[in-house]
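What follows is a set of structures for review.
The same subunit A turns up in both complexes below, where it pairs with subunit B and then with subunit C.
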Partner chain A sequence: MALVRNWQLGRDMSYWYPEARPTRQFAAVFDINKCIACQTCTLACKTTWTSGRGQEYMLWNNVESKPYGFYPLAWDVRLLDMLGAQRWEGSRYAGRTLFEAAPAGERVLGWRPDDLDYAHPNVGEDDCFGRIDRGAALSLPHAAWFFYLARICNHCTYPACLASCPRGSIYKRPEDGIVLVDQGRCRGYRECVKACPYKKVFFNPSTGTSEKCIACYPKIEQGEQPQCFVNCIGKIRLAGFVSVPEKARPDNPIDYLVHVRKVALPLFPQFGLEPNVYYIPPVHVPLPYLEQLFGPAVKGAVETYRRAPEDADLAGLLALFGSSQQVMPRWKRLGDTVLGLSEDGRELVRVPLREPVYVRAALDSVRGVVRTNVP
Partner chain B sequence: MTDQIAVLFGPFGDIYRRDRRSPWVGEGYVDINPDDARELGIDDGDYVWIDSDPSDRPFRGWQKDRKNAAFSRLLCRARYYPGTPRGVTRMWFNMYGATPGSHEGHTTRPDGLARNPRTGYQAMFRSGSHQSATRGWLKPTWMTDSLVRKGLFGQEIGKGFLPDVHCPTGAPRESIVRITRAEPGGLEGKGRWRPVELGLRPRYESEAMRRYLAGGFIDAGTGKEG
Partner chain C sequence: MRKILAALLAAAACGCGSRPAPPLPEVIAFPRAALPDGPKDPAWTPVPAHVASLLLQDLVEPRQLTATTAALAVQAVHDGSRLALRLSWADPTVDDLPGASRFVDACAVQFPTVVTPDLPAPQMGEAGRPVTITAWRASWQASVDGRPDDITALYPRAHPDHYPFAAPSLPAGSAAQQAMERRYAPARALGNVMEGPRMSAVEDLVADGPGTLRTAPQQFSRGEGRRTADGWAVQLVRPLPDGVGPGRRGAVAFAVWEGSHQEAGARKMRTGWIPLAIREGP
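After this line comes the complex of A and B, so read on.
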């Protein structure tokens, strides 16, 4: 065991290997408020990577409804229950991580799903918490709530899958931090399946090895965003690279959202893996549930996001989501225009701060007819 | 692609079809208010029969046409859906209904797949469909671009989109129905549906699930107002 720095916890923690951060860390921001659960991301991934024998049940990318949706069944509630109630003291995590809570002789606290747990990948779809009684839809804010959580591998800084593998078959690429399973070395012990709290490593019974989201690394190597990003209908996703807080750059779009504005937060930071997919939390969900998922900074994130319409920089950066197939490591705003830039400042894409909207007149005077404008 | 969409279409998808009663890798279902379901003795995930006015549904003269009545009565799973008020149920209108062929496949194949043995047509219902409970409603000018159009919503243009001509019609209808329990939701009809047994469903929450819903696994020290 080594002592490593986990900035998401505001403290050092123990990990199986010493700290070895990659040159650049692949990262993403998902804006939950914009997701409509159309599952286009899921199918983009499915048709690209997991259409083979033994992969039928796998969804490297999935979208589940929270709080009643899980893939696999109960993945988070079960682990939270095993870990027990934990607490934060301000921005410092005062509880135990999955590494610190590991049973004697094991490296990570985890559990291995049953085959049946993968059976209903969209269980809980649209199920809200709270009852809808007659007339409830007429009052605001709504008492009932649910939201959609899109999930891929978090390409963690401290992957539990990597720590747990007895053969050292899982590695984190030094050039971009993408976590991969060496298919030649893996013997299918499934320790990684047990250890990953997000359940994003899958055993392939046909090959006898485990496999997982590869962040579409052949695309990343070409400077392109992964399949689930570029196919997103709602433009909720932005891929890039995240720095540690001390090296955060405001002109790095991921850094800006994660470190400068603190509007995008890791999923279950308390597990201690320093996951690198960051979520802009849903604005309509009760705080205790959000804090359980995204940590104590969630209240501030929601408040900042709610003010985005009056915040040209934040609104401008959000406009860059889904604007290009290419990774935009840098960005800047020039008045009402937002630019996505390459590492060396070359312009990759240019979008308006706000989409122009034109409302046509109800009366078409040329043809002398009245048209219907649907809002 | 279509099978993957079916797996994700609602809560009952299973790419391996572990329950041979399931018409396909995904299936049609009815959303029902949990309190209504409880009163009717229906558990989340159970199969239910849905019947409407017997004078003309599932179709006129069904009493004397046993051959066609056999596949026309709606049989589907019930899903506890807290988002619908009491007395109201909901079903999606865009799933593949049962046909004589799909019903033949479902009742004769060892794996129970509701697929027409001759055409390959694949149903998402064991029997019937959402249309079993509703009347067909064909618009007078349905898909007849050359016929006279009437003004609708203030739109009186001679060409182009017209709701009267181009909107899908016939399926989404309201109807008063009777819902009765048919079979338990558990695998192959044994016991309750697994997510219910695990305490993960509305009205069946385990202690851990109740704590999870309340955000009780973390004390963020910011107070619990929300």
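After this line comes the complex of A and C, so read on.
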């Protein structure tokens, strides 16, 4: 075991391999507040990558309702239960990571789902926490809550799948940090399936190997965002590259949201993998639940996000989400216009800070008919 | 242990009613004009067995810390150029169908590539001192025996909507259709046939340390596994190990994976090196 720096924990931690950060790290920000669980992302991924034999139950991308939705079943609560209660001291994690809590003979604390755990990807869909008594829907804020959590592989800085593979069949690309299973080398031991806390490595019984989200690397190599990003009709996703905090650049959109404004947070940072999909937390969910998912910084993130309408830079950057198929490594705001830029400053896309709103009169006086909202 | 030995010896005797020979202290390959035709060939009945106690694989991570399969009966014969081994062990569950949490029964036999008094590490050899391995899997056997590569093997009532490579526009079995089907099975497209349609129930492998296992450049072994009254019997046939001809001595090691215990890779029951004697004879 080596001692590595995990900035999400605010401390060093034990990992199976020494720290070896890629030249740049693929990362994403998902704005949970905008997700409507239409599953277009899920289908975009499914039809692109996992429509073969043995991939029938595989969803590299899924969207589940929290708190009662899981794919696979109980993926998070089961591991949280195994890990036991842990604590943060301010922004420093004082508990044990999955690597530090590994039992004897294992590299990672983990569990392997049963076949049937994958059988109900929509379990808990739209189930809310709290009772819906008479009239509850009329009061604000709502007493009951749920939200949609869209999930892909986190392409972690310290992947548990990679650490657990005794064959070294999983690797992290030095050029972009994307984590891949070498399909020519994997022998289907499923240590990675057991170790990944997010359960984003899947066994293919037809090929006998494990497979996972590849961050659409052929698109990333062309400077384009992955399928689940560009097909998102809610425009909740932005792909890019994240720096370590010391090298954060305000003109890097991911850095700005993660490091500068601290409005986007990793999912279950306490597991210790330094995941690289960052979530803007839902603003309507009780803090204790959010803190368990996103760590102690979640209160500040929610407050910052709530102020976005008065925050031209933050609102402007959020307007770039879903505005282009291309990865925008840089950005800037010019008054009421926001630009997505290439690495060398070339303009890729230009969007207004606020979309103009046009209101048509209800009556079409020319034709003498009442307009209706139909296509 | 006595019960296990009795069961293994009974298994080794093929259930043919003959009194089994007393167990051997090492693996001895007896000369035969012709090798048996499979693990259930009565020709195995009079061949004495070596009963190897199986150890936990607790040398490298991930470790096996719970004992499962206790022992393995090994019979061996040769025809002067080829070695036939019959491995039999008790296993009440048939695990031959891979799935997300379904692992398959398997066994393997390992030889040092070069026989020297100082043998390489028994757990997959070591750097610069490789071992050769012949492995058998129950799922490969099921495929060879005709089980289709289909989701309905796992879930009989499953009904996939559509596979792109099964579109009516592609004539079934055509070169274009087969090429497209391969593209949708990435491991297979790379020649890594861990499951799915297989021509052989065994694979020849080489390794020079834990985590280095790889398919051997040449495949020369044959094998067949069948259920016995209380477990598996597997016959493996391969050339005699290099430098271990009739009248010579070598070494051999074994491993068994119990699918119902989710054993795979390093999670297995194993032996250390066991002396191997190739008897001379007509």
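Operating definition for what follows: the second predicted complex is superposed on the first by the 363 of 375 C-alpha atoms of A that agree within 3 Å, B and C clash if a C-alpha of one lies under 4 Å from a C-alpha of the other, contacts with A are read in each partner's own complex, and residues count from 1 in each chain.
In this section, a residue touches a chain if its C-beta (ideal position, glycine included) is under 8 Å from a C-beta of that chain, and two chains touch if they have at least 3 such contacts.
The structure presented is a predicted model; accordingly, all values stated were derived computationally and were not measured.
Of the two partner chains, neither subunit B nor subunit C is touched by A:Pro245. In the superposition on chain A, contact is made by A:Tyr57 with both subunit B and subunit C. Of the two partner chains placed by superposition, only subunit B is touched by A:Gly90; subunit C is not.
Within the superposed three-chain model, A:Arg131 lies in touch with subunit B and out of touch with subunit C [touch as defined at top]. Contacts of A:Gly188 after superposition on the shared chain: subunit C is touched, whereas subunit B is not. Among subunit B and subunit C, the chain that touches a larger number of residues in subunit A is B.
With both structures placed on the common chain, the touch criterion links A:Arg167 to subunit C but leaves subunit B unconnected.
Once the two complexes are laid over each other on the shared chain, residue contacts for A:Arg78 go to subunit B alone; subunit C is not touched. By the touch criterion stated above, A:Arg371 is placed in contact with subunit B alone, subunit C being left untouched.
Comparing the two complexes, residues 56-57 of subunit A contact subunit B in one case and subunit C in the other. Looking at the complex, you find that subunit A touches subunit B at residues 39, 42-43, 46-47, 56-57, 67-68, 70, 73-74, 76-78, 80-81, 83-90, 95, 116, 119-134, 136, 144, 270, 286-292, 295-296, 298-299, 362, 367, 369-372. Chain contact summary for the complex, subunit C toward subunit A: residues 58, 60-65, 97-103, 139, 149-151, 154, 158, 160, 162-165, 181, 184-196, 210-213, 262, 264-267. Subunit A makes touch with subunit C in their complex at residues 51-57, 104-107, 112-115, 117-118, 164, 166-168, 183-191, 193, 202-209, 211. Chain contact summary for the complex, subunit B toward subunit A: residues 1, 4-5, 7-16, 18, 80-86, 153-157, 194-195, 198, 200-202, 208-209, 211-222, 224-226.
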